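Look at the two complexes coming up: chain A is in both, with chain B in one and chain C in the other.
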Partner chain A sequence: MLTYVVRRVLSTVPLLIGAMYLVHVGVSATSDPLASLRLCLPRCQEGYDRIVEIYELDQSIWVRPFAWFDDALRGDFGKSEAIGESVASVLVERGLNTAMVAIPAFLVSALLAVFLSVYSSRRQYSKTDYALTGFSFLGLALPTFFVGLVLQVFWGVWFPKWTGFKPFYTGSMRTESPLELLQSITLPVLTLVIVSVAAESRFGRANMLEIISSDYVRTARAKGLSERQVIWKHALRNAMIPLVTLWALDFAALLGGSVITETIFSWPGLGPAFVIALTKPDLDLVMGITILTALIAIIFNLIADLLYGWLDPRIRLD
Partner chain B sequence: MTDLVEVNLREGLGKESLSLGRLALRRFFRHRPAIVSLFLLVLMILAFFFAGRLSNYTFDAVDVTKRLESPSLLHPFGTDEIGRDLFVRTMLGGQYSVRVALQVALLATAIGTILGAIAGYFGRWVDTAISQVINLILIVPALIVLAVFAQRFGGSPVGLALVLSGLLWTRIARVVRGVVMQYKEQEFVLAAKAVGAKPVRIVMRHILPNVVGSVLVEITLLLGTAIVLESTLSFLGLGVQPPIPTLGNLIQQSKGAIDDAPLRVLLPGFFVVFFVLFINFLGDGLRDALDPRSKRQ
Partner chain C sequence: MTTGATRAPVMDEPCWLRPASQVGAKVMQSSFLGVTPYLFDGEVEFMKKHSKAIRFAASLFAVALVASACGGSDDAATEDTVADSVEETDSGTDGEGCGGSGTLIWAHEQEPGDLHLDDPENGLTITAWIRTGMWEGLFGVNSKTEFYPRLLAGEPEVVNAADGSVTVNYTLREGLKWSDGDDLTADDVKYTNDMLMAKDSAGEYIYLLGDRTGLDTITDFVVSSPSQFSVTWSQFFAGWKALFGEVHPLHVFPADPAEAAAAENDALRTWTQDGTVLPSSGPLVFSEWNKGVSMSLVCNPEYHGSTSPDAVNTGKAQVDGVQINFVPDTDAQINALKSGEADVIMTQPQLAFEEFGTNDEFIVASSAGPIYEHWGLNLFNKHLKKPEVREALALAMNKADVMKGLYTPLFGDTLPAEGLGNVYWMSNQGDYVDASGAAGYGKGDVAAAKAKLESVGYVLGSDGIYAHPSDGVLSLRVGTTGGNKLRELQQQLLQAKFKEAGIDIVIFNQPGGEYWGAQPFNEEALKCAGSGGKEGDCNVWDIAQFAWVGGPWPGGQSGVLRTGSGNNIYGFANAEFDAKADECDATVDDAKRAGCYNELNLYAVTLQKDANTGLFMLPITQKPSFYAVSATRLASYGVAPDANNAGPLLNVADFKKK
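This part shows the complex of A and B:
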């Protein structure tokens, strides 16, 4: 078990290094942090030299990433020029804000997906099942930004116009009281739930249908177990195994910051920070966010594989 | 002898036998949502390509006396901030979006099929190398690749299609690799090898025909993904740049006015949503039709 974890982690290291190297080279090749300074050159020689020193612009583009690796291994991820703080503190602050939306969104969509897939697989081809299938098809077709915009215009403009009452915040984060926190996370969370629950419940329904018609579920029924035990204990546990991967991927993506949703609702999480970093471009911040999201993805994939072994003892991890 | 034919006919055995392809086609035509979706999809694409010509306006004709008009007979979708006709712009935008999606589907399928087949057939270090490239593409955030390339290719539709194909071929490659690996050890491939067929011929003639079904389904998924990605990127300002309209940058340009004129944002959005919805139903129908174990008759 421990050797498996160590081997898995070690095998991703070269990939991670390769990816970080390419990101560094790619971003520096297409950006010029000196563009504005070059215009005023003799006057602002000092600032020019400072930027050259910070980004080591006197060196070849292929060599520059190594300095970043060197610093990163010492725990120094540099300073974000765009935000004016150290990358580490930006990541912590923004990461916590993202988690405030990501964790509730994940929990709600996962629970909803389980209930919907159990419900529609037990009543396959009923009217409710057809309706849910239709909704999930619609959900799969909805681009995130469209859901966000529609929710924003509905709760921010139309609903207050009709009722004179605005229940949710549509473009700000307020955390003074629990109620305000709830009011500000509701719409971003709802957006994320809508776009992820469709795929999860579709997948869950298909798994559940397959499991329900399998022999051991018939055995469980034949030996007189209650329907609740058959479904929730025997069938669900096995139907969830393939879902675990999807959940791990979804949760990792959510924790890495959802660029679209957070941008639309002006949520100060990792997503908008990433857009700022890319448009400036702020190389250290790009690298910081990239390595954070990559690590989250790797860790959650590992957790998914370990959960596999726990949910289904037949799967051997080695 | 005639008796036997009669008996066969009576039991329905003498009927012309159906090939797998015919059976699949028949199953597909009985999948009602897929047929309706295919029809609406064709209608939508025809509208994107030809409906703009019915209007008296062009997509870039500015008329500042008619700014921000509501929908009317002359301007079915209204006009934008500088008085351009939004119907023509939306249709042309749809045309560019669909073109990008089709180019991506074509190119990504070609790359994915070729690399997937090579990886699956030759195995060993070739497979390792291609699989590592796939993992690398999956680990680098797509947004970085797109932001980097958007500056290089200047945000043209073809440039965007190239970049998106460079990111989206991995799924098809995995599917093809899996199927090729599954078939390459089977007897008919061994037989082909025994009579001296070269790898290219074995893969093209004997193995790839088995992938067509799964790849067709993947292509529909790819079309949907491409059109959503195109609109999302253009929405963030990283995709196709104005003056060329696409469904995504039409939304981006009018999202500031969503409070006053929500229709201008929602209309192009609905085209994206319905395009993807129909494509998904089509893919679902194809999946059912091409699955030989399918129960649908």
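This part shows the complex of A and C:
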């Protein structure tokens, strides 16, 4: 197992370096940090020169990534010119804000997906199954921004009009008290849950249907195991293997910042920071967020691989 | 108003004593606990086994939801209750106290990187707006885009000497104070000048990017008393009133100008010096910045009041402060206003304002700002180098279509229905002349445009588009920063009329970050413009749509259009214009100078002054500011008139919450 983990980690290093190099070259080739400064030349000459120096714009775009690698290896990810803080502190601060939304959203959607998968597969073609299927397709079809805006309007405008009170904040992060945090976190979490659970529950239902009609499940029933044991202990465990892959990808994406949801709810996470960084353009911040997202994706894929072995002992991690 | 009044008594009750429907308990509980799910055997067994834990978790969740409902309404309760008491007690005291009516919440999309206005990476207008509320200058700009004495007791005395030098004798208003209680004196103004002009030991300016235009010709600065000082320029500088737009606090920075300049470069970013907030001379004092979320400014108790002719309240701010919530998404801003999480927004698109305009709970307002949109023409394009083609474009352009489609129905009297016809003076300025309109341009005159094209050999093709025997089809690309909805709509509205005139306009936008470097400010394109078409690549762009900023001193516009200027993307080079620009800036008489600028405008927007290379700018319209404010939460508002586009921070003293 340890050998496997070490091998996996080592194999990601060239992947990471290659990805970083391509991102750096790609962003450099398609963006121009001097664009707005050209408008105010010669007045902005000092600032112009400063940006040229910071991003080494006098160098070829193929060479520039090496300077970034050099600094990054020494733990210096640069300063975010768009936010005015070091990239490291932006990643920590914004990353924690994103985690505040991403972790509950992931946990709730994962639990709901499991429950709905079991429920739907046990009652295939029932009215409830059709209803849940309809809900899933709706969740899959609706774009995230639409779900977020509908929730904003419903809880921020309509519901207070009907009832005279407003249970949730519809924008901005509030941290004055745990209660305010709960009130401000609810709608972004709910948006992510609606979008995530739709896909996950469809996936889970299909897996469960396949598993519960398999021979070993029939054998388990024949041996006289209770339905609860058959479903929750034997069938679900196997049905979860493909779901684990999906969760690893979803969780990594959520932790990397949900651009649309965070933007709509003015949540100061990594998503809006990434948009600012791309539009500015703030190359150091783009690189910082990219490397963080890549690392998270790698780590969670590794965890997913390890979980396969735990869920199905037949899988050997050699 | 009615909503607040009827709701307040209910909200005065503790949350747990209110009817359940008021706090959401009933609705929430029935939604989650009133449903009896259908469970299969295993689940029933599971439920039975873990019933206590499930009940506990469900109760906890229900309590949390009730509590959250409670918390949300408690906020409203507090504000409504405070507002009611303020309404009763502060009548007749407008301008005397500081704050008292609650915090004004402004949802806005832009967040500055820092508060150093001249940081090259921080050219956001929001930075200037925020500082407008904190640091005042010698002169302000009123709704007619004219200067008015702000920190000054009145118009200064101007003395012209025989040697051409000019001395201005200033007198500051009595009783000016910084927010920390220190006096604001003439020494602060001198300090501002000395700090901006400070050089390091190598003889280089220290201040990062402070504009020294006009300061560099000051030959003498004499402080004669705490409120009086004189400044002498070696020669008349037309933009003298634009100088010292902010006066910096001497007492919190080192006395040595060079050290002070270095210290300010750091302090301005966070608006703190050695951990202490920089003192304000404006109505607001910096309080807190929660990056990515909000910035808070509080009422300045030492504020000396506004002298703006547009100000209704000439005293201190009536709101406790302003909280700027950074909401990047336009729809989310609109929802924030609707849901009561913002009191004011200033956003687009206009459709939202149409909706707000028909709703009694909101008030919409607009004002003409100093920013104007135009089409800039590349004088080295094979078609556009012909004056007749440029004139055909000017004749076929229908600005009224743009105004009618985007502005006039909603904000009829804010901007002229025929669009803008001047790049020096804006339509709300007294010296404005619609030179384009007088020349017959911008009115969608298709027949005249066609005649112009045919006069230089263009022939109408079977596809309805003109073509030149040697230069080919008359197809021109117009580019701008992609994603700017308003500009894209303008392009589409104009495109149709050009097609009628046989001119094919291809919309060729690129993302904001890429556009400038890829098109008008592309290095090769600038080389072409700077070399008279001899070097670089003259085919990078054809027409560029973007904005320049006007102001009470329009002489700055000449800097863009002078021969060889780095911003002169058009390729315009005219020695007569350059000399005239110098002459205008040196003209002492205000009326003559204004007329002189109107003459310069003729070079840019008509062929009257330069029949060969004139007419390379097609002004379209000023960019108005749109505001929507909550009528139910605000008793008064001060967003318009606002010639600076500076938002609610310009006339913040006029805001009052209910």
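We adopt the following convention: the second predicted complex is superposed on the first by the 308 of 318 C-alpha atoms of A that agree within 3 Å, B and C clash if a C-alpha of one lies under 4 Å from a C-alpha of the other, contacts with A are read in each partner's own complex, and residues count from 1 in each chain.
Operating definition for what follows: contacts are C-beta pairs under 8 Å (C-beta built on N, C-alpha and C of every residue); 3 or more make two chains touch, one makes a residue touch a chain.
Since we're looking at a predicted model, the values are computed, not measured.
Peer 1: Going by the contact rule stated at the top, is it chain B or chain C that touches a larger number of residues on chain A?
Peer 2: Looking at chain B versus chain C, the one contacting more residues of chain A is C.
Peer 1: Once chain A of both complexes is superposed, is A:Leu278 in touch with chain B (first), chain C (second), both, or neither?
Peer 2: both
Peer 1: I'd like to know which partner A:Ser266 touches here: chain B for first, chain C for second, both or neither.
Peer 2: Once the two structures are laid over each other on A, A:Ser266 reaches chain C alone.
Peer 1: In the superposed arrangement, which partner chain does A:Glu227 touch: chain B (first), chain C (second), both, or neither?
Peer 2: It touches chain C, and chain B stays clear.
Peer 1: Quick one: classify A:Ala29 as touching chain B (first), chain C (second), both or neither.
Peer 2: After superposition on chain A, A:Ala29 lies in contact with chain B alone.
Peer 1: For A:Lys79, select first, second, both or neither according to whether it touches chain B, chain C, the two together, or no partner.
Peer 2: So A:Lys79 meets neither chain B nor chain C here.
Peer 1: In the superposed arrangement, which partner chain does A:Phe137 touch: chain B (first), chain C (second), both, or neither?
Peer 2: In the superposition, A:Phe137 contacts chain B only.
Peer 1: In the overlay, answer first, second, both or neither for which of chain B and chain C A:Val153 touches.
Peer 2: Both partners, chain B and chain C.
Peer 1: With both complexes overlaid on chain A, does A:Val286 touch chain B (first), chain C (second), both or neither?
Peer 2: After superposition on chain A, A:Val286 lies in contact with chain B alone.
Peer 1: Using the superposition on chain A as set up above, list the residues of chain A that contact both chain B and chain C.
Peer 2: The answer is residues 30-31, 145, 149, 152-153, 156-157, 263, 275, 278-279, 281 of chain A.
Peer 1: Spell out the part of chain B that touches chain A in their complex, as residue ranges.
Peer 2: Listed in rising order, the residues are 132, 135-136, 139-141, 143-145, 147-148, 151-152, 224, 228, 231-232, 235-236, 251, 255, 258-259, 262, 265-266, 269, 272-274, 276-277, 280-281.
Peer 1: Applying the document's contact rule, which stretches of chain A touch chain C when the two form their complex?
Peer 2: 30-32, 34-44, 46-48, 50-51, 81-85, 93-94, 97, 122-123, 128, 145, 149, 152-153, 156-157, 160, 163-173, 177, 179-180, 182-183, 186, 226-232, 263-266, 268, 272-273, 275, 278-281
Peer 1: Please give the residue numbers of chain A that touch chain B in the complex, ascending.
Peer 2: 15-16, 18-19, 22-23, 26-27, 29-31, 137-138, 140-146, 149-150, 152-153, 156-157, 259-260, 263, 274-275, 278-279, 281, 286, 290, 293-294, 297
Peer 1: Touching chain A in the complex: which residues of chain C?
Peer 2: Listed in rising order, the residues are 7, 10, 21-24, 27-28, 38, 40-43, 45-46, 64-65, 67-69, 71-73, 76, 107, 113-114, 119-121, 123, 205, 208-209, 211, 213, 269, 290-294, 325-329, 331-332, 335-336, 338-341, 511-518, 521, 526, 566-567.
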